[in-house]
Structure formats: structure tokens, C-alpha cells
Amino acid sequence: MPSIRTKIGPISLENPFMLASGILDENGYTMKRILENGASAVVTKSIGTDERTGYSTPVIVELPYGLINAIGLANPGIDNFGEEIKIALKGNRPVIGSIFGSTPEEFVNLALKMENYGVNAIELNLSCPHVKGFGSEVGSDPDLVEEIIKELKSKINIPVFSKLSPNVTDILSIAKAAERSDALVMINTVRAMSIDIYARKPVLSNKYGGLSGQAIKNIGVRYVYEVKKETGQQIVGVGGIETAEDAVEYIMAGASALQVGTVIHKKGIGVFKELSRELEEFMNHEGYETVSEMTGVALS
Amino acid sequence: MPSIRTKIGPISLENPFMLASGILDENGYTMKRILENGASAVVTKSIGTDERTGYSTPVIVELPYGLINAIGLANPGIDNFGEEIKIALKGNRPVIGSIFGSTPEEFVNLALKMENYGVNAIELNLSCPHVKGFGSEVGSDPDLVEEIIKELKSKINIPVFSKLSPNVTDILSIAKAAERSDALVMINTVRAMSIDIYARKPVLSNKYGGLSGQAIKNIGVRYVYEVKKETGQQIVGVGGIETAEDAVEYIMAGASALQVGTVIHKKGIGVFKELSRELEEFMNHEGYETVSEMTGVALS
Amino acid sequence: MNFSIILSKEVVAKNTVTLKFSFDKRVYAGQFAMVWTPGKGEIPISFSHTGDPKGITIKNYGDMSAPIVALNAGERIFFRGPYGNSFTKPKDGDYLLIGGGSGIASLAPMISKNAHGIISARSMEDLFFLDKFEKSKVIATTDDGSFGIKGNALDALRTLDLEKFQNIYVCGPEKMMKGIYDYIKPKNIAAEFSLERPMKCAIGICDSCSVNGIQICKTGPVFGMDSLRDFTEFGTTRLMLSGKRVNI
Amino acid sequence: MNFSIILSKEVVAKNTVTLKFSFDKRVYAGQFAMVWTPGKGEIPISFSHTGDPKGITIKNYGDMSAPIVALNAGERIFFRGPYGNSFTKPKDGDYLLIGGGSGIASLAPMISKNAHGIISARSMEDLFFLDKFEKSKVIATTDDGSFGIKGNALDALRTLDLEKFQNIYVCGPEKMMKGIYDYIKPKNIAAEFSLERPMKCAIGICDSCSVNGIQICKTGPVFGMDSLRDFTEFGTTRLMLSGKRVNI
């Protein structure tokens, strides 16, 4: 029997399938339930310093091949999130705290509080708007990314993952700036828009949103492959994973673990167990013993 | 009866639907046939200075929601392309010559030859690899883009369209650099990869390719909207248009005309007449008299 | 997003209207739509009419409901859905519908000859759909006593002999539903509750409507007594739109 | 991309093999697959066997065919398809198949008791599938005269009384097919030609296989006499992989 266990940084996972940030991970009970239903870890909703209601509705558009969302970083603020983490940790599998900010100090402050709440790792959401420059994201400024991670690594003891945005010209310079991270997480959503032609208006209240799901899978695979090839970093693959085949595509491109989000819309949370079972079958069929044996095989 | 005629720069079009560059536009007879079957104009395959066989096969991956291609700028070289243009022009509708290069001089040389062959406009494919810097595309270097267009506008008499790549952090700086163009064409394909998990290898011989079709429609709409809003430039929308509804989404985002490519894979070249008919029906139903009346209505 | 042309608008109570429109998907009692006013927001609203034409009955509570209430016949109503599960069909025999506030809207498709009702509202002018029941089978309650029993739905419920009902269906403010749940729990009666929580996505991914890990928008909104027993969050705490946990 | 395990490999002529494999889609005579050797390229190859198992018969011409010819039973063969249209079913009565070079591979599924054949090749060692015909019904030609008639398919065709055939099916090098087309055009006989042009996409979008605006990979590869009449490019010019137009 092959083993679908994997490791990301120092964190050991029962299977490669974690819950991606922003999907069903605002309420501690939901995270706990998802951990009990086969996710090997959950990443929390991205949490910032202050409470934010997020954008007003509509915040989601359903497409035949994915979703566009503009939740607008709704979150209770770090100080109100401890109880949810406490509940989630009862799921007895790793809880990864996602945080967003715009300065190194803010990230450090958030991470320290997360660490204090008992999360097993920090994931940096580098896709929020960058205030110093403007128009673009924190994650498109390599110097800032490098500084944030350097600061964090010196101040906290749990692993730090950096989640990169695909909305950049040159992913490699960002990936290199983030090289002190314990792992890179790719990809976040792709900027997109949906217009209702009968209402003659963008559907989302924020107009712009992030495309996730099937539509972005091959964009994600490309980023994972390119970054793995050039940096050798440990990578968590995310974006449009719906089946074990999709998962294997990411693994062969270089991912050591995976996150899934949008597929839950189609398949419900049963998808975690389904993915694990299908992955095991695939490995059995193809003669792989471990996930790490498959990782990056398409690179050679 | 509403009119689906439109104009892009000084070029008058019977309907908004042109053939996009790279799809069925290498052979003059094919372009002629497509013009005779309802396309309001054709954009030729992108032509460079020298003959190129392109990447070896596989050059295409079929996905449920689009294609990934890596044709590799196969082209006969500008000096061998005159006959195809001559044949295409017998279609009696505008033929737009797409060209690619890496320096302003090269673009000017190509454009002059295209003009000489009798094309009605030039479309600059700014997505080919940039030699000076590396890793990225000509179209991600605003200074170079500006210089190319300035040079061209001073040397040729037909309109110049700039086709922009979506693989950039900051589309607005590129759009502004291209503001002397008669129109902006958006978007080219999105970099992507497909791995065959049973072969354990990327499918495309070039490994990386460009994603087109449905999957990128809402990415394209986003670029058109954002650029129209910030620059007011005339825009040709392209990317994943399969139905008149898709077309209207682009038009309401700010496009004055459209290009279609990948949909031909699903629907054949009959799609041009179908799109025109459906658009007319939509306009009739919604009370629009002209395309320009719809252009950009979602911006307000 | 779907849209339909509004066929008719009827004021059914203070600030409360029923809008009817054609929509050719099958809709079951208890299901809801996300109704969008372009530029103004999107909110969950139950189908109060599931036949042909379909209809919703909506009260003007605030910024997002007001523009929907303001729509007129001939205008477009934009919505996505139907979403959620539905009430199970009542067995033969009598059954009871308990609607608090606009809650009666989602129960309206269940009204029939065999239906008994308790409708509670703040005041007389807020009551609606009383007339859809046989007169002798419906009790109204108002907080201010301006009509019917002065009190709430639970006060009315206590006056009834529940033995005669095959099923009880409840929709209203969570506090009221919790009170009813606690009251009937020891009585071993089949009952279903339609829960309301803030909803953003309505497709089970944003977590804003979850109760003990279950997404009300997708697995619910209708839950039986057994499910509710496991919901420690039911009637106690909920997350606000920001995700901040507050007491109910 | 599909893959199958190769069930058997048979050498049928010099550098030419038939590979059989299971593939549970319906395939019609005349259709082809794009066969991929990971890391080595992808080429169009006709199905020479359309029953169960399916099969292809392929000659080692160069860089992309060589690794396919080198595959062995038990190994994986990767392909996409089937693509293209197919030959129309022969009417009752006798019909003629004319295969030049590996062209006979695509005609092979049509071989039956009523089939007559002309098979042409460079040399004796290049001939294959002769034995699938009734001995009296097949003529071989070789360029070097090492077997059968010295000459080409057209030379053989001239020796036959075409009146007795309900249909003629042709597949081979374009020059040969043009010769045959010109020969039979005045005779008013139903004939179908399977065209071969360089193919990249096989799904009708890259334009590399087009003839007078028609994509061979999608509308073809099989065309009747009427279509060919409109193809001014047929037998005269074609585009190379770069798109450069050259004479045939």
C-alpha cells in the first residue's frame, strides 16, 4: 500500500490535502469539522489587525469553470480570532494561521498573536493591496516581501509559508525574495471581473475579484513548475484542484502538499476523503510508494 | 433593426467579430474563406523577420474549458508572406497584419513590408520574448513599448493596434506606454502548463504555453474594463468569447470591437455568423441601436 | 445571475411586499434566492410562492432590502438560486406552521387546508398571510398586543395541544426558534426549523452562515430536531459579517 | 491525452509495424490519432484497425515516427483522438482501395471480401497488407520493380476496368492522389481521397493542414470528388510547418 503522507517544512501531514485559506475557515467549528472529515490541515481565513466586514454583497460569482470572489478580507481582527483557533485545534490536526498586512511590523504582530493562539504555522497572504506603492499588491514588491519574511523568521518559532500572487510579471524575483520561507504556497486567485449584461454592471460590489477553480489550474501548475525548477523551494500547490489527477499534476510539477478550496462548492467537504482515496489508487496503479517520489518528476 | 457595425480607429467593420491572430490565419485561402463566412476582419498569424518552424509537436493541449498552445511563433518570415496577404485580401474585408519583433527597428521593418502588402492595419504582438532583459516579454517593458509605437507611428500610414499581454503586474503602465496606438487589443494568452501524469511530463514540447478560451474570459474582461476606465483608449476585446453574451460583456467593459479564436475549435467558422446574429438579437431585445451605445456602459 | 420581469407587486403588510415573476426552474418550499439590486447589494430571500408564477415576500429592513421592496411591476428582478434544501412534505393530517416576522414568507408555500398557523409580529401592521389560512386555524401574536395574543409565538404555542399535529414547521428569529425548540424537545414531535444566518455566498464556501460546521445555505436552511440537537451554536452564538463571534 | 498499453507489436514491412491496443471509443475507417511519444513529438497516424483491439500501422520515416515504431508490447502508447471524418461505407458490390506507401494503413479497416486493392511502394520490402486481400483481387506496384508491376498506383489503375467498382478509395502521397484524381475525373466514378498534410493541432485551429480554407484534420481527411474540384491547392502547393508556401 502506498503512503499518501507528506511533509511541508517540519510539519507532517496525513495526506497532501489541506483546506485553502478563505474557504470555510472563519468559524472554528467549521475548521474542526473539516479536519475531522479528511483535510490534513486547515489554513484559516486571512486575518488582519482590525476587524473588517469586507465588501458588501455580491461577493461571489458562479462561473461554469470556477468562481470569482471579492470577500474583501472580511475578518474579525486578530484579537477576536483566538477562540476560533481554539475550537479548530480540537480537530487534532495542524491549523495554519493566514495573516495579511502591509508592513513588516504588522505581519510580525499578527504572527506573534497567531503563534500565541497555538497555530502550527503561519501563512502569509501577500496579495492584499500595497499602500506604499499603489495599484499593486504587497506580493509584487520583492524588497518588501524579503523584509517581511526576514523579520518574521527572526521573531517567531513556527514555520512560515508565503502565499504568492499570480498577478505578477516576474514570479521568480518574488519567489527568490521569499526564499527564507519554509515553503511557498502558489497560487492565490487571478484578478478577474464578471459583468451582468442585463444589469449592465459588474456583478461584484467591488467590481474586481479573484478567479479560482478549474479555470486557473493550469496557471497554477505553471507557477509551481517554474518556481520549483528555478529555486528548488518546497511548494504547496493550490488552484483549481478538483480530482486526484489535478493533485498529481501539481505534485509532479513540484508540489509537496496541496490546498483545495473552490472544489468544495461542487463536491462538498467529502472531497477531502475522496481525493485521498483517489490519490492512493493512482499511486497504487502507477507504482509510487510515497508522495515525495512523485514530487517534481515532470521537471527532469 | 439595430446595427452591429462598429469602428476601430479609422477602420469600419461590418460587425464586431474579427478573427484573432494565430488561429486559421497562416494560409491566405483560409483567411479569405473566414472573411467570406462572416468575420468582419482577419488578423494574420504573427509574422517575424525570419522563417521559423515553431516548436515541435505537441503544440496544443485540449482542456475542458480552453486550450493551451505553444506554436512557437511559427511563421514563414515576412518576405514569404506577401502571397498569403494577397489571397486574403480577395475576401474584401480588412486584413490586419500581426507582427512580432524585439526592437523598434525590427517592428518598423516588418510593418513597412506589411503596409506594402496592402494590409489595412498593423497589430503588434508584444508578447514575444524580450531579449535585452530576459525571462519576460517585450510587452512588459513600458519604455520599449513606447519607443516601438512612437517609431511606427512616424513611419507608417495605416493604423497601429497594440496587443497586450495579461502576464504583467501592472497593465496600466503598459497601456499608457502604448497610448499612441490607434487601439489596444486585450488579451493575449495567459501563461500556463499541462502535465500528463501518466507520461510524467509536460505535454507541450515547449513545456509552457498560453491558455486561451473560456477559462480566460473573465480575466480579459477585467483588463479591458480596467484599461478603458483609466485610459479611455479604444479597445479590441479578445479572450474566451464563445457567445454573444460573452461579446457583450467585453463591449460593456469598454471594447469597441472583438476578436475570437479558440471558440472555432468548438463551433467551427460558422461561429462568426452565429455571433453576429445573436448580437443583433440581444441588441434588439435590450433596445440598443448601435454597438457604440453599449461600449463601456458597465463603467458608469 | 438570472433575471425575471416582475409581473405584480402587492403590499401585504407595512413595508412588506410580495413580488411575483416567472422563473422556469422547479422550486421547493423552504428554498431561497439571493436577490440582487445592481449597485445596491444582494440578500437571501425565501420563495413565498413556488408555483407559477413564483414569488417572494420581503420586508424593508435596511439598505439591501429597501431597493427590492421599491421594485415595481414591469421592472427586472435579478437573483441567483434556488438554493438550499426544503421542508419535507407534511404527512396526511394536520400540521402547524409557526412564522415569526418575515419568517412566515418561507412557510407560505406550505399553507393548505390542513395547515394550522401561528404568526407573530411586532405589531398588527406587520402581520401578513393570516388570510391564507382557514380562519379558525390561525393564531396571531403581536409584541404590542395590537392584534391577537399579546406575546410571542411560544406564548401561542403553549395554548395548543400539539398531539394533533403530524409535523411542526418553524421559521423566524433564531431566539424565537430556540425557545420553541426547547419547548417541544421533550415532547417528541416531528418538527423542522428553517434557520437564518448572515449569508454572503449562499453556495457553502464562505462560512458566514455556518452552525457547528454545517453550512445553513447549502445543507440547510431546514433542519430537523436531531440536527439541531448537535448545534451548540444554535440560539447561543453566531458570527457577524466580519467573522467576529457574538452572542445571540 | 489518452494512453493504452500496447497488446502486440507486429513487423509488417521494412521499418513498419502494427501496434495493437485497447481503446473503448468508437473509431471509423479513415479517422486518425495524434500519437505522442513524451519528449519526442506527436504525429498524425491513421487507425489501421478499428475493431477491438484498435491498431495503428506506422512506418519509421524520421524523428517522430521512430520512437513510436520502437515501442513494444506492454509499453504505453499516448495519443489523442480519434480525429477527422471517415470513409463512407462501400455500397454492395465490389470496390477498390488504392494505397500508396503507408497510405494503405488508413484503408486497411475497409478490406473485405468485396475489396479490390492496389498497393504501391518503393520496393518489395516496403509492401504490407497484401495478404489481407483475396489473392486475385490485389495488385502490387513497386518503384523499383522488385515486386508486382514496376511503376506506381496509377500505372496499375490504368490496367483495370473501373466500371465494375461502386466506389474507389485512395490514400497516399498527394502527387499520386492528384494523378489518380485527374485520371478518374472524366470517368464520373464515386471516389474518396484521404488527404495528408502537415498537422500540428489536429483540431482545426492552427491552419497548417488547410487546403483552400478547409481544415483537413477536421472537415477531412476524407474528401469526395466534388470537394477536390474546388481545391486549387490540391496537388499544387502546400504550406510547410513554418507556413511558407511551397510547390508539391
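In order of appearance the chains are A, B, C and D, and numbering begins at 1 in each one.
Here, a residue touches a chain if its C-beta (ideal position, glycine included) is under 8 Å from a C-beta of that chain, and two chains touch if they have at least 3 such contacts.
Keep in mind the model is a prediction, meaning the values are calculated, not measured.
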Hey, what chains does chain A share as contacts with chain C?
none
Compare the CA centroid of chain A with every other chain's and tell me the farthest one.
D
For chain B and chain C, what's the span in angstrom between their mean Cα positions?
51
Could you please state the distance in Å, as a whole number, between where the Cα atoms of chain C are centred and where those of chain D are centred?
68
Can you give the whole-Å distance between the Cα centres of chain B and chain D?
36
Of all residues in chain C, the ones touching two or more other chains
none
Touching two or more other chains - residues of chain B
198, 200-201
Which word fits the touch map of the chains here: line, ring, star, complete or other?
line
Listed by label, touching pairs are A-B, A-C, B-D
Please give the residue numbers of chain A that touch chain C in the complex, ascending.
23-27, 29-30, 32-34, 45, 51-54, 56-60, 62, 67, 69, 71, 74-77, 80-81, 83-84, 196, 198-201, 203, 205, 261-262, 264-265, 268
State the interface residues of chain B toward chain A in the complex, per the touch definition above.
63-66, 68, 135-136, 140, 167-170, 172, 190-195, 197-198, 200-202, 207-208, 211, 214-216, 218-219, 221-222, 225-226, 245, 248-249, 252-253, 282, 286, 297-298
Residues of chain C that touch chain A when the two form their complex
1, 3, 34, 36, 38-39, 41-43, 64, 76, 78, 80, 200-208, 210-215, 218, 233, 239-245
